[in-house]
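Next come the structures, one after another.
Shared between the two complexes below is subunit A, which pairs with subunit B and subunit C, respectively.
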Partner chain A sequence: MRDVETRPKKGEWIIVFTILFASLPLILGFALLVISSFSKDMVTNLSLSSFRPTIENWINVFQGKLAITGGIRQNILKITLNTLVVALGVSGIVTLISTLAGYSLSRMKFRGRKLMMLLLLMLHAFPGVALIVGVYLLYRLTFPQEPSFVRLYSFFYVILARAALEIPMSVWLMKGFFDTIPWELEWSGIIDGASRIKVWRQIMLPLIKPGILAVALFGFLAGWQDLIYVRTFLIDQTLATFIEANIEAEYSHMPLIAAAGTLYLLPTIIFFLTAQQLLLQSYSGGIKG
Partner chain B sequence: MKGEKLRNLSFFLSPMIIMVGLFYLIPLVFTVYISFTKMRNWNIERYLTEIVGFYNYQRLFHMFQHDPLMRTVLLTTIIFVGITLIINVFGGLLLALGTFFINESSASAIRLLWLLPRMSPIAVYSLVWYYFFHGSNIGTLNSILMKLGVLSQPVPWGQIVPWGAWGIIIFVNGLVGVSFGMIVFTSALNQIPKELVIAARVDGASAWQISRKILVPMMKWHLLYVLTWQFLSLLTTYPHLFLLVQWDLVSRDYGTTLALYVYNTAFGRGEQDQGLAAAAAVLLSIIGIIGGLVTLKVLQFEKMIHEPRGDIE
Partner chain C sequence: MKGKVGILLAMVVLFGVIASGCIGSQESSETETTGVELTGDFTKDILAIGRTLESNGINEVKFSAWGSGDPNSVMRVYGIVEAARRINKVWEENEVNVKITITDIHYVASFQDAYQEYLSKQPLGQAGDFFVNSYAFLPTLADEGYILDITEYANAYQNVIDDFYPSLIEASKFNDKLYGLPQDTEARPLYIRKDVAAKIGFNLEGIEEKVKNGEFTWSDVYYWAKKAKESGAAEWGLIHRKGSAHPDLIQFIYAFGGKLYNEESGKLVVDVPAVYKWLYVEWKFAQDGLLPKDIMSWDWAKQIHPAIVEGRTLFDIGGTWYWTEWQTKDYYGKEGTPRPLKPEEVQAWFTYTLFPAGEKGLKPVTLSQPFVWMINSKAGQQNPKYDELKDLYHKLAFLMVIKASDPDINAIHSVISAHLPVRKEAAELISNEKWLDDLKSLSIDLDPQVKSNIKDIVATTVHPINAKFLADVSYMLEYTKLAPAHPKYPALADIFKEAVDKVLRGDMTPEEGVNYIIQKVNADPELAQNVEVVGEIPKDWTLQ
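Up next, the complex of A and B:
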């Protein structure tokens, strides 16, 4: 319903064709990566002779065989699991904190509320690189003495630190979702003598489910794709650091890295297909890039 | 009543306040502090208490003036931010306008396609461009151009300084940023009353005339918003650049912006100099804070903050 009724059909094809032509590198690049993951050699030079179909790469990925010769092994399932732990952790923390803070910023009057919201916007614009030196010092100062806790601690820390980066935006997003709920719904609850916390939990949370889902998805993707924080803080490897390290390594078999990359891309694609409307809508809330 | 309200507020707000304190305020203080110490190679035991005053800042300004490498970094930052900003704003505008004039299903497919760079993991995204711009004949761009007969030899694109390296970093980051403009402009376009467009259409206006005379003038606020916001983001973004430089796809000297310089100086290979990195980070934060304040003032963000509803005290 935009200007459908009066729009000439003829011009439409020209626009679609122009945009698709401009998107060609994008389509080509991603398509070649996925195709290479099913080939014996990398298919990057557009010649069909280099495409020799096989699913060996995928089998090797799951078995963790990094090179065809030499028997270098790495447990990719464990690396994927590490990535998943970080992503789910970030998602959980971001969702919890923004559902709490978003409610009070949307519904409660208190001194400093306006200032708090402006500060959150400022924090979102704040250069992450200016923080990371300080975040690392805090990490080192709070490092556990007990060596057996160190790995666990690095997971704990990277999840919290990465989640913190997402909080300003998701609190704003969540506040926006709460703003759309008619307040009569909770008002009746408050009149009946329910506390704010009870109203939040029993009336608001069920109504705000799409918002929670959106924030949780964004949190998951942020944690899933992060490179800099996991590289700096996490002792174990994730898919991001695995790819980072193996591009230059001489023993690595590149189609296998392509398969690992495709595996890494999968959740993004799945979210794309299942939640596209949600993604497009909530992205207009304000993002960084 | 007062006590209960305080209890409620702290229930709702304290987790956020703790996180912001731990991961924004304390690190900021730490960064400023480190910029006054001799910290290097993260040797905390030795250097944490060794205060050197403004020595790191003096060193930084001396490098700005005399070190050719640092001048390259500054020049790269200016070119990178400037050109990518233009691409992001105009690319986003063109995509939003383009998808406005076509049917909804093609439009949403195109929007999803252009969200892919932003949504895909940085490592995968960089891997894609690593092969696309690779300097040998396995590189996709090289092989296309050689098949078309434009080139007879593969060209190491990222090592052609300055414009080859700059071209790649601008291209790769430009694609990520375009989607931001696209989404903001699309939502702005959807808020414009349809009657305006339909009336112009009936009068025989073309898509180009409608865009220029009606749609773009009505999106002034959004243009300004995307411009300032993307400026701040580009100034401080570095993860994509990090991998392109790390993998030697682009020249180290002409692929490093100030933000990446800070990261590599603090955490990179070889000798790390956190004191210097922190000083540069403080400079970046000052620019960021000023830029953020200007954005808030110019765009009057305060108007976005309505009084809360549903409070019955």
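Up next, the complex of A and C:
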């Protein structure tokens, strides 16, 4: 008797090979980027003849230099910190709002609940670029007249604006997680005298940790990767705008850009290496009560 | 329900009206004058401004500088830092308790990106107070009111303005008003390999004069390129640059007596005879194997520059900045491990001329894309009492640009970046050996931060050979043409690039290339409105 969900072992290698083959361009692209970051010349073809090993690119990147001679020294740590602030800010707001909203939509009946869920889906359908004119107008209306606050406010605003784009989908995701938890657990808490907020915090949240982690990480990556909102609203540079502004094929020393690009990739790589099990768990139907 | 929707819509409209009113009111705030008039005496003016600021309780003025370009062109922003130091010194010596602080230096490689960023941040008051970028963006920025009209201020400093090359001052104007001061410019010479020429008996003596007089034309370039290729002296006859942003190839239109802009109608021009001859030259060179068919997709660092510095071509169309770029980047790999060239090698291997005339009877050309210091129309906004003292901050910003244009600052920029000086006094300075020695050892009066940041560029680029090169090519500015500063020019240049690529690859004949350009222009209604197509394809024209 064969389980319907298992496949014959001998066919497995075909699937693995197909998946590998399909992902080859992507893997190759990233591999060439990482290799080039340790080379004096860009390795842009499959022959490794242009690979001349060096760690100079990485030293230069950490010193904030984007040219072998000349150029302005940039404070790369500050730029990385700016990126981190935006990413953590987006992640924090998205997680907080979506866990609260997801719980309400899953557990509470109120007027307009269905409409709100539909509207959230609709909001998710709007691409960020399409909204930028309106968001720009709001920014112009709200930014402080006092010049010393503008820099701080630009961080605050870009975090809010970018988080707003992530929240609709995250709320849906969180609602899905809350839906999987049996009512009995919540009832027992309420019978014991806990308030709804206490139930949410002490009973529900620990049960949907993988979901919270997934939403937080996706929020983090959204903030880390954002280019358009950051370029439009943020006064300071992030890694994305820094790399973008310095890619000029004729002027730039491309292996240095490759090192900056690899640095930019690191959180994504670390994230997928460390959290893949947890994410698979959360994607495959959530948690059993 | 309908009533509620109506109320909601009315609220949205009302919000919009109030919002647009608020934005408008920010833009139109009037300011008081401060009473300081510019006299043309720099020290006197700077002291008057300093004392007025001090009497208003201002002891620190904050400015930011934005620039872009290749890594060696950092004086585009450091010039402002140095100007601030020089003004601070004047104030300090005269016991004026005010100091200029440069809060933010923003310098990126892509000048198009810098422009886009300026466009989005200027209305928010977050763009740099000083913005150095291509003259091509100046008309749009001036038209939008994003940069300061400095015509009146400049009138007081006519003696300084007169020292700039007139064509560059013209490039800094829009509607007859001055919106900036030139920062640098360049020429695009035709480089010729001396060693390859010697192998094929190509006598280079007096070549500059022959090109100047229109005796050596593109027919001669073809003749010698073919000889170099056929004799095996070089792999290629000609290598040129690629991409539409680079106006190098546009030089062909001017060299064949064509034009790109009609001043009377304000429209761009597709000059059919000149464009046809340009495409014919490209096609003929590529068909005969003198120019790589796929040059438009060659890699700068791996193919284009190595082919030139390793002597695999007789001719190269490039820019003046190539001269030092070849000395700073590892392009030369003939001996195994790639390395930069030495100044002596560049001098020994290359000679340079203007871009030759297309045919006998026409003139040689070169093409420049001057960079211009522009002042934000909100310059000084991050300072206290901006509304009351706006005029004063603007005048101070103007004086900073005047100071940043000091001949020595301009000359330093020229030598280390291989761009041409924009002032006659700066051109004289780069021919001065003592001054060059002082620059080489950095024994010059310069901000310590600037000194430390340009130290490695100075060490690599300051050399009498490089200074002589710049002095030698300065005459080219008399022949310079500018690509039109028209908002639709980039779109037209893109179409030109596509046509050149197709003709080079042999996918189209020159005639088909011209028709392709016309069709593409007509297919875009907005472009068609802004472009005139003039002339006919010449019959039986060939490159002799």
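FYI, the second predicted complex is superposed on the first by the 247 of 289 C-alpha atoms of A that agree within 3 Å, B and C clash if a C-alpha of one lies under 4 Å from a C-alpha of the other, contacts with A are read in each partner's own complex, and residues count from 1 in each chain.
In this section, contacts are C-beta pairs under 8 Å (C-beta built on N, C-alpha and C of every residue); 3 or more make two chains touch, one makes a residue touch a chain.
Predicted model only: the values in this text are computed from it and were never measured.
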* **First, second, both or neither for A:251, with subunit B first and subunit C second** => second
* To do: Please indicate which partner A:52 is in contact with in the superposed arrangement: first for subunit B, second for subunit C, both, or neither.
  => second
* Identify the partner contact of A:66: answer first if only subunit B is touched, second if only subunit C is, both if each is, neither if none is. => second
* In the superposed arrangement, does A:193 touch subunit B (first), subunit C (second), both or neither? -> neither
* Would you check which partner chain A:100 touches, where first means subunit B only, second means subunit C only, and both and neither mean what they say? => first
* Could you tell me if A:154 is touching subunit B, subunit C, both of them or neither one (first, second, both, neither)? => second
* Does the superposition put A:225 against subunit B (first), subunit C (second), both, or neither? -> first
* Asked: Which holds for A:44: it touches subunit B only (first), subunit C only (second), both, or neither?
  -> both
* Mind working out whether A:112 is in touch with subunit B, subunit C, both or neither, as first, second, both or neither? => neither
* To do: Please identify the positions on subunit A that touch both subunit B and subunit C, taking each partner from its own complex.
  => 42, 44, 136-137, 140-141, 232, 244, 247-248
* **subunit A contact footprint on subunit B (complex, rising order)** => 4-5, 8-9, 11-13, 15-16, 19-20, 22-24, 26-31, 34, 42, 44, 88, 95, 98-104, 106, 108, 110-124, 127-132, 134, 137-140, 142-144, 147, 175-177, 179-180, 183-184, 186-187, 190, 194, 197-198, 201-202, 206-207, 210, 229-230, 232-233, 235-239, 242-243, 246-248, 259, 262-263, 266-267, 274, 277-278, 281-282, 284-285, 288-289, 291-293, 295-296, 301-302, 305-313
* Asked: subunit A touches which residues of subunit C in the complex?
  -> 19, 22-23, 69-74, 77, 105, 107-110, 113-114, 117, 120-121, 123-126, 299-302, 328-330, 337-338, 381-383, 416, 453-454, 456-457, 460-461
* **Touching residues (chain side subunit A, partner subunit B) in the complex** => 1-7, 11-12, 15-16, 18-20, 23, 25-30, 32-33, 42, 44-47, 93, 96-98, 100-101, 103-110, 113-114, 117-118, 121-123, 125-138, 140-141, 160-161, 163-165, 167, 171, 179, 183, 186-187, 190, 195-197, 200, 221, 224-228, 232, 239-241, 243-244, 247-248, 257-258, 261-262, 264-265, 268, 271-272, 276, 279-280, 283-284, 286-289
* Touching residues on subunit A, where the partner in the complex is subunit C -> 40-42, 44, 50, 52, 66-73, 136-137, 139-141, 143, 147, 150, 154, 231-232, 235, 244-254
